[in-house]
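A, B, C and D are the chain letters, set down in written order, and residue numbers restart from 1 in every chain.
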Amino acid sequence: MKKRIFKLVEKGSHGSVLNVTFDYAIMILIVLNTIAMMLETFPNIKSSLSSFLEIFEITSVAIFTFEYVLRLYISDITHPSTSRIKSIFKFTFSLYGIIDLLAILPFFLPFIIKIDLRFLRMLRLMRFLRLLKIHRYNNSLSLIWNVVKSKKAELMITGFVSILVIFISSFLMYEIEGKAQPEKFPNILESLWWAIATLTTVGYGDVYPITGIGKFISGIIAILGIGLIALPTGIISAGFMDKIEKKSKQVKCPHCGKNI
Amino acid sequence: MKKRIFKLVEKGSHGSVLNVTFDYAIMILIVLNTIAMMLETFPNIKSSLSSFLEIFEITSVAIFTFEYVLRLYISDITHPSTSRIKSIFKFTFSLYGIIDLLAILPFFLPFIIKIDLRFLRMLRLMRFLRLLKIHRYNNSLSLIWNVVKSKKAELMITGFVSILVIFISSFLMYEIEGKAQPEKFPNILESLWWAIATLTTVGYGDVYPITGIGKFISGIIAILGIGLIALPTGIISAGFMDKIEKKSKQVKCPHCGKNI
Amino acid sequence: MKKRIFKLVEKGSHGSVLNVTFDYAIMILIVLNTIAMMLETFPNIKSSLSSFLEIFEITSVAIFTFEYVLRLYISDITHPSTSRIKSIFKFTFSLYGIIDLLAILPFFLPFIIKIDLRFLRMLRLMRFLRLLKIHRYNNSLSLIWNVVKSKKAELMITGFVSILVIFISSFLMYEIEGKAQPEKFPNILESLWWAIATLTTVGYGDVYPITGIGKFISGIIAILGIGLIALPTGIISAGFMDKIEKKSKQVKCPHCGKNI
Amino acid sequence: MKKRIFKLVEKGSHGSVLNVTFDYAIMILIVLNTIAMMLETFPNIKSSLSSFLEIFEITSVAIFTFEYVLRLYISDITHPSTSRIKSIFKFTFSLYGIIDLLAILPFFLPFIIKIDLRFLRMLRLMRFLRLLKIHRYNNSLSLIWNVVKSKKAELMITGFVSILVIFISSFLMYEIEGKAQPEKFPNILESLWWAIATLTTVGYGDVYPITGIGKFISGIIAILGIGLIALPTGIISAGFMDKIEKKSKQVKCPHCGKNI
């Protein structure tokens, strides 16, 4: 019995028809939940469909809760440990265990503690994260993840230098443009907003320099923004190459016939 | 006779003078069609040249229709099958067969069914797709296509994570900025519009956050946008490298004759 | 005598002190010319410095003309041919010959034919191109050029597909947004302007969609814009890799000791 | 005694607990300094916390000065030379020596010479640069630096061509758009501002062409902007590859012992 639940809930290499069906059912449910959440943002739709949306919400949470209980039940298979309680504990605090809990928690929270409804609605966003579970066994996701992880140090330094550039340019801009247009650069936070919008080349156009020196600095930041794109891209390209190189290395020496 | 039509219409490795001429003639006709469609969008040009543009449209469709009939006629050579009808069927539903049909269909549709003229004009855009046929045998197009296809899984996951980021940030922004500027973020669809404009670093400037938290989230999305550029670029670079690597593997040492 | 002029004017592998000095002198002259052209765009500076700027312009043209005459004189060394006239002809129509001529021509044109002064001033921009000559023997420039050239086919197809996307989206946008905001999308040319600003992720914010479908299409174009960046970058990365790969190939077979 | 100070101040491969603690303490102090500088930009916070911020500023400078004196004291170990004065001289004019001096100088300057207070506040930004010292022994930073340095020539040429494009397009735009909207393109400097905003795809939307030819040129610049991203990215990717290639070359077949 427990093993059959395990086979149903956990998509493995076997990939039985039932298991794939279960996976797709959960996926469709999340997509429907997303659509329901989107519909709720239209006032007139919300009022006319309120009862339907409420029933759908309760049904969804019921299904997710049932699935969560199932996973708790089989936790001694998925997270083997010395005792049953330790297994449950292990699952509850695993990445996917937390995601599953966060998907249902916002519904039960008001019954336990008093909570701001607006904050609660935002917590329901956690349900999206469950979509990441679909690719649980996806080689590609883990490949990308490994590449990013293997280049963590280089990417962090790029990020660190970018932050340095953002801060220095923000302070410079606050000193220079703050005099010319105090309503646009009243403090350093607004200046940071400008710096990020410029360095990432978004450029909304709500804040921009009007003085000569301000434009000069802005131009330099924009050009450094090209570097901010070029560096991580080059690093990630190199990361992917590394993996290919390593794979291509695992060939035989063509002369002595042994693996290298 | 049929073979000569085949040689004329289908550009192969032989590349006879007549065939190349035919190819360029069709290409020029499409370019002229595009110019004609562009001219039609200027009201005064349209009214003064209306009769000329109409004649040109009829001539173009006549030529494309004639070419389509020719291709139907030689379909038993290009799409060999057990019976003639099956060959015609095969051609009609092949990629290039559909493109060719779509190029002429909008002209004949009003004679068959009642149709919205505005929708019809948009269908004429299909004629552009025929330009893709020029490169039918182009190695470069198929190389790019193969690279993108070989990295389909990685690119899809990047896209999937991007969609996740877009949705989560849209809901967050709707909750935060929807209070501060309800006319800019009235519902989740407008919020999605902002998220895409920010993540792709387009930043038109029609919608942007004004609250502190909104700007903070917007900054994070803009920085993630850099990742959205870096990741697919790295993946595609790796894809091109893969192809080069594979080719470079298949060489022999020209002196000792052993594979390297 | 002629050989000494040759050594002065043409920077070769020898790189004599005189020749390097000459190279820098020409470079400084072009930079000064650029500054002079920039100063001319400020009305008050132009009026107060008009006589000085005029003298500087005449002096510059005199130097460039003298250099051009020198190059014509030694053309039988730089462009050896069967006869003297053929050598001059060869030089005059070589890339650098044309650039040199364009740098001085705008000054002499009004003496020969009647010409719009505004158009003439724009022609003086050609003088900038001479800066490219400084790097005439630069290995890096030729490396970049070779990489771009070796990937010409792939880059052209990317460009071709981009043009296709721009045209299709422009026509779609004209049909959809042209109804909602006829002053922004009055004809296909304005629509093309929007398409390029979106696909390149510039996003000035002067033209943007306001209808739901328009925003949807705009979002797709913006996402395709990411591809427009990713594809050429990947192709150029691969091009640089190709060159490295080829160089690293020119090693000896470690077993038989011969070059591979 | 001197050696113990050396071990405390200079983070080496030993990485003693005390040394790491010292490193983090300096780092936290810089972060706190940054926050203090940010708080000072809010007028009401500045007035209410002025005495506290002043004390904090004096304390910070005292610590940095003490550290600087320590480094001067041990300069004969870190920068060994023939004489003590030469060692001090060597440290003072080393990169990190200058950074350390710049971090404390703005505080002492008004006691020495009369100086504009606004300019002084900007000098305090130099303190940020000290953060770069944290990664003094970081392999990743030096890897990135080496890659950028090894491709200096190629990157410089890309930059040079970009400047050429910026200047030529600026002059063209000044001639064309300067007539149509003289308040937006009054002189070449404003035109340069537009060119940089377009080429880097920032596109604030404060300056954009309104004439047909202006839009055409702007479109070309925006497309060239894609190249400006693609080229350095490809070059940097190639740089990282070079390093990997070189490393992978230096392996032996572990079985037959020959170099591969």
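Keep in mind that, in the parts below, a residue touches a chain if its C-beta (ideal position, glycine included) is under 8 Å from a C-beta of that chain, and two chains touch if they have at least 3 such contacts.
These numbers were taken from a predicted model, which means no experiment stands behind them.
Asker: On a CA-centroid basis, which chain has its centre farthest from subunit A's?
Answerer: The chain lying farthest from subunit A is C.
Asker: If you list every residue number at the subunit C and subunit D contact, are more than half found on both copies (same) or fewer than half (different)?
Answerer: The interface is built from different residue numbers on each side, given that under half of them are used by both copies.
Asker: Where are there more C-beta contacts: A-D or B-D?
Answerer: A-D
Asker: Once the Cα atoms of subunit A and subunit B are superposed, what angle does the rotation have, between 0 and 180 degrees and to the nearest 5?
Answerer: 90
Asker: Per the centroid of Cα atoms for each chain, what is the distance between subunit A and subunit D, given in Å?
Answerer: The answer is 30 Å.
Asker: Between subunit C and subunit D, tell me the centre distance in angstrom, where each centre is the average of that chain's C-alpha atoms.
Answerer: Roughly 30 Å, centre to centre.
Asker: Can you check how far apart subunit B and subunit D are, centre to centre, with Cα atoms defining each centre and the answer in Å?
Answerer: Chain centroid spacing, subunit B to subunit D, equals 42 Å.
Asker: Among the residues of subunit B, which ones contact at least 2 other chains?
Answerer: 189, 201-205, 229, 233, 235, 237, 241, 258, 260, in rising order.
Asker: In the complex formed with subunit A, which residues of subunit D make contact?
Answerer: 34, 37-38, 41-42, 118, 121-122, 125, 128-129, 131-132, 135, 138-141, 143-144, 147, 189, 192-193, 196-197, 200-206, 228-229, 232-233, 236-237, 239-241, 243-244, 248, 251, 253-256, 258, 260
Asker: Give the list of subunit C residues in touch with subunit A in this complex.
Answerer: 201, 203-205, 233, 237, 255
Asker: Where on subunit A does subunit D make contact in their complex?
Answerer: Against subunit D, subunit A makes touches at 153-154, 156-158, 160, 164, 167-168, 171-172, 174-175, 178, 187-189, 191, 198, 201-205, 208, 212, 215, 219, 222-223, 225-227, 229-231, 233-235, 237-238, 241-242, 245, 249, 253, 255-256, 258, 260.
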